[in-house]
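What follows is subunit A paired twice: with subunit B in the first complex and subunit C in the second.
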Partner chain A sequence: MTRPDRRDAGQIRALHCVLGQLSRADGSAQFAAGDSSVLCGVYGPVDVRVYDEKLDRAHIEVKLRPATGLPNTKDKWTESVIRSTFEREILCHLHPRTLVQINVQVRQDDGAVEAAAINAATLALVDAGIPLRTMVAAATCAVLPGGAIVVDPTLEEAAGAQSVHTFAFGGDTAGGPLHVDSRGDFAMDEYNACYDICATTAERVLAFMRSAVEGKIAKEALLVGAS
Partner chain B sequence: MVAEIGPSNVEAAFLLESLAKGIRVDGRGIYDYRRLKISCGPTHGMVEVHLRQTRVLARVSCEVTRPLPDRPTEGIVQFSAELSSMAAPGLESKTAQEVAITRMVERVIRQSRAVDTEALCILAGEKVWLVRLDIHFLDHGGNLIDAASIAAIAALKHFRRPDVTVDGEEAIIHDVRERNPVPLSIHHTPICVSFGFFGGELIVLDTNLLEEQTQVSNFTVTLNAHRELCALNKAGGIPLNPKQIQRCIQIALAKVDEINEKIQEALKACAA
Partner chain C sequence: MEVDTETQVMDVTARIVTPGSAITSDPGFIRGHGTFGEGPTIYSSVAGVIERINKLVSVRSLKQRYGGEIGDIVVGRITEVAAKRWRVDVNSRQDGVLLLSSINLPGGIQRRKSESDELQMRTFFSEGDLVFAEVQSYFADGALSLHTRSIQYGKLRNGTFVAVFPQLVPRSRTHFHTLPCGVDVVLGVNGYIWISKHVSAAKVEANAEHIYSDKNEPISDEERESIARVANCVQLLNRLYVKITETSIIFAYEESLGHAPKDLLALDVAAELAHSVTGRLRQQS
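Our next item is the complex of A and B:
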């Protein structure tokens, strides 16, 4: 089977990430898979509005802005997905009565943007030094009309697919997914196959993110050592 | 969110003292622009502008729509720029600061008629192109207006819309893979150049964040490549004498040429 961009069914697009680009945010990361690219800036823990203040934990706020046009319902949905995924993984109880704000800007949407947004948010939170239970990695795969399963679909592939599945996992994929989003028509065995594929893909993405963070810290350590 | 706290008195005093000696905190000369980096692509109409820390992303997209009833032969240029907390903590949309910045950029692009709207007509009274320009402020390191105007103009020039053939009452919109997309028709390229004032005779070009927070007044000159004035903006602040304004315009003339060259270079580099 050939895909429009000549990838194998199980092959993800080239990953690229840059950490700490933004000067004003406490932590930031740009995560790109092929042409899908997301920038995330995190502030936290910072002062919280009285209305949102929680006595025993930090309040998490997510703002997502699409590449073109105003935020629509789907963008609001993605916002809530990111919030509910990270609400459990950020150690909120360590920073009561504060706010952790996650700003996500989609630079370009070429499929699997929800997964890219979750990955960018993880990297930005790590860059900001917000205590996390685990690093979260997400992956998407699509079931095409013939029954073939392709990982990391482009916008074109996702539009023609029978069903699209996004899973987010913590550091240990055996512990089950942190987030599942399945859309379209699918059978249980298709779902199970997608689950397995996304779990292995998420592990690979996580290894990539980990090496990016390690690279940045090693570079900073060199700078500190030199001065 | 915490409201933005301005610089401390010590920082402001240091800045003013060094400016009086002709030294800027980031080591530039008084009339130097920060290093301008323009990156285009990967898709048409996507341009990111860096002015050191300041970062602005512009995206142009288009769709077919019905024309406005009072202008049946003109396409529509829609403009959206919202400040969000991405750029700086506590920045929010629908504030006076946002209005000041977005109005200026909108005036520069839309009201100076930079885009030829008549060329966007497909079928008079029936179908026209709607060109959407989204400006995303990613990082606020001072002088958002200039960065936004450069990003907007570069994105409009970089953008390609699908080709259309009209056959009687039928309009065929060709897929970009079928036929090469065509660039927009652009009349001129207005570019903003902003100055900060610190009282007395002190004028500074392209203020960074600290300077922007300390300045007592600012002034934006908008010029195009034909050396024509498109807009001037001075909203409040200390009064300036006409000579200072003349001087600003002279400096802006030289800078606009440089910036235009940079834009051409960047567009050429990504076309190659």
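Our next item is the complex of A and C:
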């Protein structure tokens, strides 16, 4: 079985990220896996509307806009996924009565965009200096007709797949997933296989994100130290 | 108090952490900002450099919103007029609060606040006004309480506003400076900076009745050009991460005289000027 872009079944697309591109946001990050690219800007902790304020924790708000068209129900679902995942990982109790707003803009959609959005949100939150319990990395697997399992499916592969599974893990992948999304018809052994592959992939994505963040800090620590 | 001298060492790569990294499980350490504990282990909650002072372990992230400490001099913008208080945007995690009881009433004499003062709060500060204040205390939820109980604080006029990274404005004894070119600069520790036409202290005191006036003094074209030049100098210092102090602004102003004020916004000119400013600052120290 050859994939349209001639990758192996277990091979992910090239990862690329840029931190701190947006000058007016507290934190921003662009995350791309192959041709799927997502830009995330984070504001916070900032002042919150009285309607949303929580007396003992920060209020998390997520806004996702697709690459083309107006946000639809699927995008609202992805917003709620990102919000519930990060509500647990952000140390909200440190900033009561504030708002953390996560704005996600899908720049290009070539499959596995939910995972890219979660990864971009992690990097943007880290860039903004918002305290997190752990960094969150997400990965996607698709089960093709015939049972073959491929990781990081393109839009074409996902459209023709029997089922698509997205998993998000924290730093300790053995502790269980932070988010699971499975769509389509699948058997439990297919699910388990996807789980294992995505856990390994998430660890690699985490390592990539960590080295990107550490590289930026090392560069900027020298710059600030010198002035 | 012993300060860890390792922070001066250029090689910081050994001590850079990301959220979720374990720092230590040694029970002898106390955890500070940027960390959280789970069981016996201290983990980092932000991406940054570990700092250790005696037993206190903390992680300092590069980017942080201005936190605010008591005694800080800040510049803020009024966002809302509420009952007996104003809410002020001070570039922090929450809007600051300026209570009606914390401002000076016009006329310079001390008088009791009346009901009519409460009903006419917009005659003092209204939405969009810029105020120069000091942090008096915190509210229970961490919001800053400001006061302008001194003749030098109050409403800002006759100038222009520049926002910079708060980390670039060091705390010092005075935050209100008069530059040799005849321009007054207010350096808010929260990163908000006001650059205005110079008004002498005597004139300010003589105008005690009009401290809340919204009317600017007449400003000549030369004064406007100086103000614009200083504003662009502050912008370029901010762009190239140079600390913004009276000295660095004066150096930048002097170095910039060879260019038109608008040329200072071009990256190549800005980089060249920032380089000469850092050179002069290093020479001076």
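Operating definition for what follows: the second predicted complex is superposed on the first by the 227 of 227 C-alpha atoms of A that agree within 3 Å, B and C clash if a C-alpha of one lies under 4 Å from a C-alpha of the other, contacts with A are read in each partner's own complex, and residues count from 1 in each chain.
The definition used in the following text is that a residue touches a chain if its C-beta (ideal position, glycine included) is under 8 Å from a C-beta of that chain, and two chains touch if they have at least 3 such contacts.
The structure presented is a predicted model; accordingly, all values stated were derived computationally and were not measured.
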Clash-or-fit label for the pair subunit B, subunit C on subunit A: clash
Which of subunit B and subunit C A:Q101 touches, first, second, both or neither: first
Residue contacts with subunit A in the superposition, subunit B compared against subunit C: C
Touched partner set for A:G170, first subunit B, second subunit C, both or neither: second
Which of subunit B and subunit C A:P131 touches, first, second, both or neither: second
Subunit B versus subunit C as contact partner of A:R6, first or second or both or neither: neither
Touching partner for A:V46 - first (subunit B), second (subunit C), both, neither: both
Common interface positions of subunit A, toward subunit B and toward subunit C: 46-47
Complex contact set, residues of subunit B against subunit A: 1-2, 42-43, 46, 53, 55, 57, 59, 61, 80, 82, 84-89, 132, 134, 136, 138-141
Complex interface listing, subunit A residues touching subunit C: 20, 26-27, 44-47, 55, 91, 95-98, 126-135, 170-172, 209-210, 213-214, 217-218, 220-225, 227
List of subunit C residues in touch with subunit A within their complex: 10, 12-13, 16, 18-21, 34, 36, 43, 45-49, 61-65, 79, 87, 89, 93-95, 141-143, 167, 241-243, 278
Subunit A to subunit B touching residues, read off their complex: 21-25, 35, 39, 41, 43, 46-47, 49, 63, 65, 67-70, 99, 101, 103, 105, 107-108
